[in-house]
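You will see chain A twice below: alongside chain B first, and alongside chain C after that.
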Partner chain A sequence: MTSAAQSVQPKYDNSYLRKKNLTIIAAIAIIVLMGWFASNYSDYDSIYAISSIPFALSWLFTNFMPTADSLQELPEILYQTYSTILAAVASTTLASVLAIVVGVLGSNVVGVSSVVVRMALRVIASVFRNIPIVAWALILLLSFKQGEFTGFLALFLSTFGQLARLFLDTFDEISVGPVEALKTTGASYWHIVFQAAIPLAITQLMSWILYMVETNIRSATLVGMLTGSGIGFIFDLYYKNFRYDTAGLVVLVTIIAVIVIELVSNKVRRSML
Partner chain B sequence: MNKELLFEVKDLSKSYTADKKALDSVSFTANTGELITIIGSSGAGKSTLLRCINRLIEPSSGSIKFKGKEVTSLNRSELKDYRTNVGMIFQGYNLIYRLSAIENVLHGRLGYKNVIAGALGLYSEEEKQRAFELLDEVGLSEFAYRRADRLSGGQKQRVGIARALNQDPAMMLCDEPIASLDPKSSEAVMKQLREIVDTKGITCIVNLHQVKTAIDFSDKIIGLRHGKKVFEGLPSELTLDTIKFIYEGTKDEATEVSAMEQIGDSHLKAGASND
Partner chain C sequence: MEKEIKGMERTSSGKIALKTKENSNNAIKYTLIALVVLTVWTFIQMDYGNIDLGNALYYSLKDFGAMMFQPNLDAGHFTWKTVLSETFVTICVALLCTIGSAIISFFLGLLAAENFSTPAVSNVVKALMSLIRAIPTILWVLIFTVAIGLGTEAAVVGISFHAIAYLTKAFSESFEEINPGTIEALKAAGASYWPIVFQCVIPETISKLLSWTFIRFEINFSNAVAVGAVAGAGGIGYQLFQAGSFYYNVHEVGVIVYTCLIVALILEIISIQLRNRFIIN
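Let's turn to the complex of A and B:
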């Protein structure tokens, strides 16, 4: 055996794994140290925090438990839940139509031929996606004041951003073959979009849209607190008037509504496959 | 059947990069009602040649004439009309798998539709009946309403053929139509193409890997090697030496060997006296 061959021969090297272990130990030590320093600095006592959890929970349950009294408000709560769901569905559907247009036109497979336009659409989608819904609500409050429309608009804009980004990816990933095949039949651009691109992507599109409807019912509650509309608004109202039992009922109704919507959309999703 | 000149390719070249030509001055002609196969190893330029013909790929230079009209200079709407006249079927079938067989066949009519009717998929009653008849012709009428992803490979390819036929084409381009199929389905698809050529007078240009299939089914064979045409002639004129030359030294070594073995057999059976 020559010396060249010996040096090529791979050998067991214990320093690699030892180094890896040391890195992990060092990382844990740093985290513990940082945690100790931060809690000392802020007077945070984890033992007290953990021991007060049972008390906090029992307080929550006794105060937020809906009472017979709060049930009187049920019709109003149901009505507000209904209008919140409608706002979520309406803003999601409108946003998804616009997002599909952006997704198709900006796609690398079926998009417009101009690279500049495709890039511009991507940038718009990214900007909208990166502005959080609460920021939208606060910005829109300045020009549109409190009201249902402001809430709707905030939901619409943030949903549009998220869906546009997702749909751009979806339409990028559709297979080129069928699109090419329709091109060879002499089909025009819009034929190809409606007869190939959308059927190829529809399952994924619907799945995302249904998911956004669910998320938006939750988001609508939060946005409603800021824009003074829907279920979020009445939760805020009862809460600030110390009527915790009724506020608890609002939370309960919201949870049930979200679960029901989730069950329905799962069913729709399954039947679409 | 009266054969006349349908299609003419002259000095067609295509380069993807500056230093290498995928197609190098290829010329050939096709008559009506002819089945022409193009053989060659993978990477020889078969697919590029086919895609240049309907301008899915823009050729770098040369001329393509269809019914005496220059194809390379067509504008957008003229190109659409031309493509309506030229059907295409693919190795990967390229159907919309969510849709039923009959909906895929109806897509063949899109070239004749206006934007709204085509986009919304509004077809006339005659068009729907004709699509069904075409499925019947390729032996798939019982699967007309079945989703395309639930058909076998051979059935998918026959839906592809029916879609192309629904264009009422004068010519069909077939890009490795049987490369993903088992021998039995391959045979059925090739027979189908042969029948289309003989009964409807549609010209088929077929890219093939298998030399034996080319010899069995075609009126004319064209051999490509490194983008150059190295053979054009009747199946009986194809010699072992030519086949060796077409495949020699290419990365398609397995194909080369089996092709040569197959050709030896079939030439003996056909009684040709070339080697």
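Let's turn to the complex of A and C:
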């Protein structure tokens, strides 16, 4: 049993594992480097941020606790929540009408035959979606001034962009069979749209619309801070006057409203299947 | 014994439960009616303010045109250097939120996934996450701004709260899709919890997790812009807010909007590719 016998034994090839380990180490190193660079560039102190979270949470629970005093404002808060929900629903509904038109005409399955028009619709949807909602609000504020209607318009424009993209995807994914069957029987374009495309997609469209209503309540809070309407506006008002207990009540009402709407829309979504 | 068909349900008396299309059609119909009624009601009771709507529409279209077709920094409130470096700060803020929340969400996702956790723990984590998600991002940021002071830290922590809630949900759903056979095989071989995580969970789901993380990066970027505008912390959003509501200069708003648009479009294109490749099978 000397070196000759040992050399016959096949050598264990660990190059695969070594390569895998190297890849993992390289990936971790890249992520750490990116994080380090980003912290430096944006003046972010991660140790301070992480260590401040317990303090911030305890501060939150002592200062943002609604008091008996803040309950006096409850009717006003409930009214503003109600108007925020209405703005979210109305902007979604109206935007979805426009988005269905874009979705149908721009779809690869039932869209218009011209590729240029289809591409143009996609570009428009993408531009509307990616313009920051803050920019919409600021532009509209210049001529529409502060108010509910301005908030509604800003929400409407950004919702349109998001729904148009989601609907384009939905109308791209409908099955080609029913559309072609209708085509061979000589159905006109609008027959195909109303008898095949929309019925095939309607469940998916409704589910996106309900999802958008939920999202829009949160966006409405942000927009409201700029346009002076709804939950965002009153939160900002109490917050800037250091009435944190009342601001806490606003947060509490928002949580309840969002969760209730989530539960309702989940139930509705299930009954549609 | 007749063959059970997948998806077939039986009533309590053993008959095959029939589902008619009618119920689901009714649900769609009533939902549509409810949405339309609420919308009409919103318009009836809305406060339109003391402005001439036609005039306002004309001027805002003009402003929109100026923003999109005449973007420039001629007024001199900002330099190109400021715009680009602040946009980069926003990207950095989004990146920091994404890295931190992806790491935390990985562990929370394991706790929330039904196949790696006990039902009680899973439900508690899921409930906590939907509670966090219910609070709008901007409120989180404002709350942290008073608690720890205005700065990048408040923006990053505030945005991360929402990102963690979102990613935990996405990650736990990816974990729940893992083939139970693989986990059983490892358990039968005597593997404990962490070897299963490292040898099965990570290799099987890594592409999905990375895709979700990138999709969240895209959302974090647009959130960071919004947070910058309203809370004044972290990047280009603040300049956007200044241009729009201090200087009333739509041309400068246009430049900033185009910068954000280009970044967002690049991120969108990458995330569509990732989604098509790894998430939708």
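Convention: the second predicted complex is superposed on the first by the 225 of 273 C-alpha atoms of A that agree within 3 Å, B and C clash if a C-alpha of one lies under 4 Å from a C-alpha of the other, contacts with A are read in each partner's own complex, and residues count from 1 in each chain.
Basically, a contact is a pair of C-beta atoms (placed from the backbone, for glycine too) under 8 Å apart; a residue touches a chain by one contact, two chains touch by 3 or more.
None of the values given here were measured: they were computed from a predicted structure.
Applying the stated contact rule after C-alpha superposition, one finds that A:203 touches each of chain B and chain C. In the superposed pair of complexes, A:99 makes contact with neither chain B nor chain C.
In the superposition on chain A, A:133 contacts chain C only, with no contact to chain B. Contacts of A:195 after superposition: chain B is touched, whereas chain C is not reached.
Of the two partner chains, chain C is the only one touched by A:254; chain B is not. With both structures placed on the common chain, the touch criterion links A:181 to chain B but leaves chain C unconnected. When the two complexes are overlaid, the chain among chain B and chain C that reaches more residues of chain A is C. When both complexes are aligned on chain A by C-alpha atoms, chain A residues 202-203 touch chain B in the first and chain C in the second.
Residue ranges of chain A in contact with chain B, taken from their complex: 175, 177-178, 180-188, 190-191, 193-196, 199-200, 202-203. Considering their complex, residues 31, 34-35, 37-39, 41-46, 48-49, 52-53, 55-56, 59-60, 63-64, 86-87, 89-90, 92-94, 126-127, 129-135, 138-150, 152, 202-203, 206, 209-210, 217-219, 221-222, 225-226, 232, 235, 239, 244, 251, 254-255, 258-259, 262, 268, 271-273 of chain A touch chain C. Taken together, the chain B residues at the contact with chain A in this complex read 54, 56, 80-88, 90, 92-96, 98-99, 107-113, 115, 118-121, 160, 163-164, 167, 173. Within the complex, the chain C residues that touch chain A are 23-24, 27-28, 31-32, 35-36, 38-39, 41-43, 45-49, 51, 55-57, 59-60, 63-64, 67, 88-89, 91-93, 95-96, 99-100, 130-131, 133-139, 142-144, 146-148, 151-153, 156-157, 222, 225-226, 229-230, 234-235, 237, 240-241, 243-245, 248, 250, 253, 256-257, 260-261, 264-265, 268.
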